[in-house]
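Next up: the structures, one after another.
Same chain, two partners: subunit A is paired with subunit B first, then with subunit C.
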Partner chain A sequence: MIRYTLKRLAAGLVTIYFIATATFATMHLVPGDPLAGKKALVPEIRENLQRKYGLDRPLPVQYVVFLGNALRGDFGISFTQRNRTVNEIIRDHFPVSAKLGVLSLLFATIGGIAFGSVTALARGRMADQTVLFLVILAISVPSFAFAGLGQYLLVDLNRLVGFEVLPVGGWGSFSHMIVPALVLGLGTMAFFTRLMRSALLEVVHQDYVRTARGKGLSPIRIFLSHELRNAVLPLLTYLGPAIAAITTGGFVVETVFAIPGLGRYFVQAFQQLDYTVIMGLTVFYGSFLVLMVIAIDILYGIVDPRISLAGDRR
Partner chain B sequence: MRRRARNLFGFLAAVVLAALPAAARAAKVVRLAITEDPPQLDSTRASDTVSSFILGHIQEGLTRDGPHQDVVPGMAESWEIRDRGATFHLRKDARWSDGSPVTASDFVFAWRNVVDPATASEYAFIMYTVKNGEAVNAGKLPPSALGVRAQGDHVLEVEFERPCPYFLGLTAFKTFDPVPENFYRAHQGRYGATPADLLSNGPFVLTHWDHESSLVLEKNPLYWDAKSIRLDRIEIPYITSDSNARLNLFRDGSVDFLEAIGRDESKRAQFERLPMKSFTVGALWYLLLNHRLGRPTANAHLRRAIQLAYDPREFLSSVIGIPGTRPARGIVPSWVEGVKETFRQEHPLDPVLPDLSEAEHELELARAEMGGRIPPLSWLTFEGAGSQREAEYFQYVLKTRLGLEVVIDKQIFKQVLAKEYVGDFDIAVAGWVPDYADPMTFVDLYTSWNQNNYGAYRNARYDSLVREAQETADPRARTEAMAAAEQIAMRDLVILPLYEDAIVYLQSPRVEGIIRRRIGPDPDLTHAFVVDEKRPGA
Partner chain C sequence: MSVPGSKIAPPPAPARPAGASMPGPLALGPEDFAPVLRRSGPQGTVRPSRSYWADAWNRLRGNRQALASLVIIVGLFLFSSVGPLFWRLDPTAPDLTRISEPPSLSRTARVLPEPPLFPDVVVPGLDPHPDGIDGATLPAPASLEVVGEPTTLGVRLEWTPVPGAAGYRVYRSTEPPAGAYLGLPVGKLDAGNVVSFEDTFALRPQTYFYSVIASNMADSPRPRTIAVTPVSAITLAAARAVRPDASLGRAITLPPHPLGTDGLGRDVLARLMAGARVTLLLIGFLAPLLAILLGVVIGGVAGYFGGLVDQWLMRFTDFVLSLPFILFLILVRVALGSGPGQSDVTALLVGLVALSWTGEARLVRGQVLQLREMEFVQAARLLGASPAHLLARHLLPNTLGVVLVAFTFAVPSSIFTEAFLSFIGMGVTPPRASWGSMCLDGFGSFLTSPHEFVFPALFISVSVLAFNLLGDGLRDALDPRLRSR
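And now, the complex of A and B:
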């Protein structure tokens, strides 16, 4: 198990190296000048700024310098917020995205399991059809539409009731997180619902379920300890990528609800050609994604003893 | 049971309802939403409007922008302005927020810092009016050669590079603000990064700053004029670039003020009868035309044909669609002051009316000069919805009315700037926001030495007229020279002036006294106050 983990981590490092290199190359291929501002720069000042960010050196040298600094965990100073380092930006804003991400994942998982169970149990009936329709809606409508609509309706709700039921935007307390987390988790929740439904429908016809029924177990007991437990496994596989997708995909939700998360930086950095922030965030998120996938794979082996981790003896 | 539950709920709601407005009413607090985190609160380096807005409330220069678009005493209580220099007498009760006095040497330190090439300040050019500013900035002289000296703690002597009748207005500009030397050095490289790395000498102090999330400005008890500041606090609990989200925050009553709303939001605001106001900002928007050799737009007849083919009124109503926007006639907007009246009143320009047959005639001349064929025009634009509409309007107008092909070259903003800089375009829409209240901020834009002359217009006569205006202190002679330069610019069509912009904004009736500005920190809440009788929110 330890050997397996180490092997996966080593492979992960190589993956991150390739992610970083590819990002570095494409970023410099994007036309544009990160130092360009609305007012023209005096040549002397321009040279000073180029020196400050190391842009005066040839690209291969910049690449080597970047790799050296990245190994020491130093991603430099942001181009747009000139007295903040990329590390400070990650330190200040990742926890926000993470909190929001965890809550929305919680919504998505609980909602996905609940709705998935409802649809599977009420297969072909009204409840099933309604939920499936909503699922398709939630998967196909982009999150910015839900975010905008959700916020708009929240304003009307607050007005109607006469006091603030939930805040319309901002960050600070748990109540600020609820609506954005719901919006952010909606797509994943819908996906999980479908996944849960098909897994449950498959499990229902398994021999051990029939045996349990034959033994005269109560339907609730059968559902909880035989059907649900086995059907939930595929969900676990998607949890890793879903965590990464939710914590990185928060750009729209973070902007609409004025939340100071890292997702906003991700998009803004590309628009502003903020080289240091682009590289820092890509490496950070790349590592995060790789770690999540590895963690879920290990967890998988623990939850389901039948799955042996590669390299272990059976 | 059910009835009781409802009663209980009603009671709770009544308590909350009664408590909320009362709490809000008691505090003299205004809440805002801003579009982005202030990128730079070191006044010697700041170059954007959001930073300028914050700095305008927490710092103060020798003078400050007054309530009537005028300049009033700030750190300096009196001054003498001469042709070649000025003397400022600082008030003795001016304090930094740590209690230390604001001295003349704080100004000397800050100003030298601005022009020091090591600082790499983007706004260093505005200090070229001070003796040796440009030479220091180019690294030809040491920062100590800058024409500013402290005589004791309370007298600041300034030498001008050349006569500068608008210098007093410049001293209210953030780049000329003082910086506390010892504090700055103690926080080397971090000055302005957090509230703890910043001192205030203005009406408010930055007490809280959570990046990309919230800021709080509290009234500064040490400010010399604290008695005339009526707000206790300015809260900025929301930072978002989404204009729809900002509108929702206003509709909800979460904020009292929105500095500007877009075309689509203003329709909804009108529908919901939100308290709308409008302000003519007066920044000049124009078609930037490329005068470099070999470019089709280098042909004067083609430029004229484009001007005659489009209808400014149609453009404003169907493409811009913000009430209060005015067609522009020259290179200087209509609100800029001249000697006694506005520059435009003293030096009128006739409006150019669309004239299709004349346009076709000019086009024929252009075609003949260019060897019978006019290549497709490259229209540089970025991906914003407004820029897109402008480009498509002109593409349609030039195609249907003149038979000209326009190829839209859509780029990210940074690439638009880079392409403008090297001249890789024929036409682009550009705007110029003035840095000081003088026609010169618009006129010197097209001189051969100006870095921002992206169209690379070159005219020796134009250059010499601008130099003439810059070398004289006589107000009449310099405005005459600038007016003559404008005549040349309009005859040559150095640019094609489109419009002077306006904004629609929202202000809750519970707040009054917010000043909008064309130059300097905008909006200005220094003298804002809360109207007690009204309920909070919109």
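And now, the complex of A and C:
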């Protein structure tokens, strides 16, 4: 187990290193330089700025400096937002994204388990058909359409009731989070519902379920303590991709709902070609996603001891 | 289930004379002692053997959802390839006289001369900027009326001045205003003695409710409202562009926009067709196709050769798989030199192919690992088939079913990726049309002209839905487990 963990972590670090290098290389492949997009600069000022940001040094030196700084967790200063370091941007805005992400993951998981159970229990009947249809719908409609629809319905709802039930956009209280989190988690919820349904349908035929039925347990008891518990496990493996989907999905949802999360700043940085912010946030997002996937894989091994992890077998 | 097993027809029973079956001690005739004829060649099968694909097609045919999806997909491809031959409007040509028009089949318009500039009506002797008056206490203008004939080229309003006002606000709504909401703010006049306004903004032949309120620091809550229905009109210059023989005062029929126009007056239907070529053909179809070819080659080689080759290839696959997908798509785009706001389909294509072959590679590897131990492969190897021949002739064709299913599921995810990236401005951008970029264009005016957003979003949803359902159907039809059952 420990060997497996270390192995995965080492592989993860290599990936993160590659992400950092690829980001650096990409940003220096771009024709022009970070100062190109600005207003015409006097050559002297330009030189000064280049010296300030270390852009006058040869590329390999810049690369080493970048890696060294990144190792210490220092991603430099934003080019477009005055006096703001990338670290400050992450510190200020990542918690917002994280809160939204956790809530939407919660929605997705609870909703997925609940709807998946409904479909599996009512297999072939109306409830099953309805939920399956909704799932297909949720998988097929792009998230920004749901975001737009959500806002539209909110405006109508608020107008109908006469006061603001839920805010249409912005950030601050819990009520700001509900609709964006629902929109953000919808695709994952649909995916989880499908997973849950097939896992439950498989579990129903297992011997231990038959045994439980044979010894006279009530159907509710069988469902809760035998079927559900075993069927939930596969969800864990897909938690990694789900986190990735929700993190990147935040780019759109945060923009639409005017939420000051990190995703919005990331998109904005690309739109303004804010050199250091792009590099810093890409490395940050990349490391976050890679580490999340590893953490969940390890967690899976702990939760379900039957799973022999690849590293143990070899 | 006796039919498939009994492939060999029973030998024809020798004909017995009538009465041979009569009960008796032993009713044998000489014909019972004739030798059975030996037949050469294979004996006939009961029914024609059916290939894997014919079998799969048969199963797919029974699946209504999948079949309907197939029809929709064929329709979408025809829409993007044949459609532009019939619908010949230029998807990039803006028409600023017809901005954000809702879907309509035909519209006639009266040809009018270019309207002269409407001079402001200034009330002489009125202080334009009175001080010390709270705007919230100001009354509504005593009257509000339309000057001249209201047309879609312009609606001219004039109202009686409100003493003490330092300005007026003009609002326009398509519904009778209720409560504090007066509609779209179309005019803001910052002088109390100017009492006229001409609205020329995206007018359509429908009833509008104009409200005017006085203002001095704060806005007065008391509006004066008037209902106006402008007639459809077009300037001579614009009419000549549509029909060269247009003359003043006559009505002409404007080209129809069955799905409306967008914020620059471009035809939404034509843009959807042009966008389909990017979203559906280049990104939705070509990108997964290339990615799968790459995945099949890598997975096939890894699975067939095994050992060190397999280990390294799979390690590389795992590595690519662990890269954050969307981040690297954006990075590829930046690396290929297109900044924000620039359209770059190639970068999107390259990025998608380079990053999404991993799933197929794993799938094909697994299949090949299974297949290469099977008898027919061993037989072929025994006969001296080269690895390339084995891969190309025996191993890869047998993974085709699985790969086809994977492809069908890769198409919708590619379409989604394009839409997502274009929506955050990192994919295809105007003037080039894609369904995603059209969604972005239309999103800003969702409340006032929803059709600009709804149609591209609908096309994305329908095509993704169709490919998903077809994928489900194909999986059921091609799944070997179902086959053996």
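Quick note on the criterion: the second predicted complex is superposed on the first by the 291 of 314 C-alpha atoms of A that agree within 3 Å, B and C clash if a C-alpha of one lies under 4 Å from a C-alpha of the other, contacts with A are read in each partner's own complex, and residues count from 1 in each chain.
We take it that contacts are C-beta pairs under 8 Å (C-beta built on N, C-alpha and C of every residue); 3 or more make two chains touch, one makes a residue touch a chain.
Source: prediction; values computed, not measured.
J.: Given the superposition on subunit A, are subunit B and subunit C in a clash or a fit?
T.: In the arrangement built by aligning on subunit A, the partners subunit C and subunit B clash.
J.: Under the stated touch criterion, which partner chain does A:6 make contact with: subunit B (first), subunit C (second), both, or neither?
T.: In the superposition, A:6 touches no partner, neither subunit B nor subunit C.
J.: One more residue to check, A:64. First (subunit B), second (subunit C), both or neither?
T.: It touches nothing on subunit B or subunit C.
J.: Classify the contacts of A:158 with the two partner chains as first (subunit B alone), second (subunit C alone), both, or neither.
T.: So A:158 only meets subunit B here.
J.: Please work out whether A:44 is in contact with subunit B alone, subunit C alone, both, or neither, and reply first, second, both or neither.
T.: first
J.: Which partner does A:255 contact after superposing on A: first (subunit B), second (subunit C), both, neither?
T.: both
J.: So, does A:273 touch the first partner subunit B, the second partner subunit C, both, or neither?
T.: After superposition on chain A, A:273 lies in contact with both partners, subunit B and subunit C.
J.: Output check: A:302 vs subunit B and subunit C. Expected answer is one of first, second, both, neither. What do you get?
T.: neither
J.: Please work out whether A:136 is in contact with subunit B alone, subunit C alone, both, or neither, and reply first, second, both or neither.
T.: Only subunit C is touched by A:136; subunit B is not.
J.: Quick one: is A:92 in contact with subunit B, with subunit C, with both, or with neither? Answer first, second, both or neither.
T.: Once the two structures are laid over each other on A, A:92 reaches subunit B alone.
J.: For subunit B, sort through 275-283, 347-355, 455-463 or 473-481 and name the stretch that clashes with subunit C after the overlay.
T.: Residues of subunit B that clash with subunit C lie in 275-283.
J.: Which subunit A residues come up in both lists, the one for subunit B and the one for subunit C?
T.: Dual-contact residues (subunit A): 30-31, 148, 151-152, 155, 159, 255-256, 271-273.
J.: Would you tell me which residues of subunit A are touching subunit C in their complex?
T.: Interface residues on the subunit A side: 11-12, 14-15, 18-19, 22-23, 25-27, 29-31, 136-137, 139-145, 148, 151-152, 155, 159, 244, 248, 251-252, 255-256, 267, 270-273, 278, 282, 285-286, 289-290, 293.
J.: Note which residues of subunit A are touching subunit B in the complex, please.
T.: Going by the criterion above, the answer is residues 30-34, 36-42, 44-45, 48-49, 52, 80-84, 89, 92-93, 96, 148, 151-152, 154-155, 158-159, 161-164, 167-172, 255-261, 264-265, 271-273.
J.: Could you list, by residue number, the parts of subunit C that touch subunit A in their complex?
T.: Residues 181, 318-319, 322-328, 330-332, 334-335, 337, 339-341, 412, 416, 419-420, 423-426, 439, 443, 446-447, 453, 457, 460-462, 464-465, 468-469 of subunit C touch subunit A in their complex.
J.: Which subunit B residues qualify as touching subunit A in the complex?
T.: 13, 16-17, 20, 33, 37, 39-40, 42, 45, 47, 117-118, 120-125, 137-139, 189-193, 210-214, 237-242, 244-245, 248-249, 251-252, 254, 411-415, 417-418, 421, 451-452, 454
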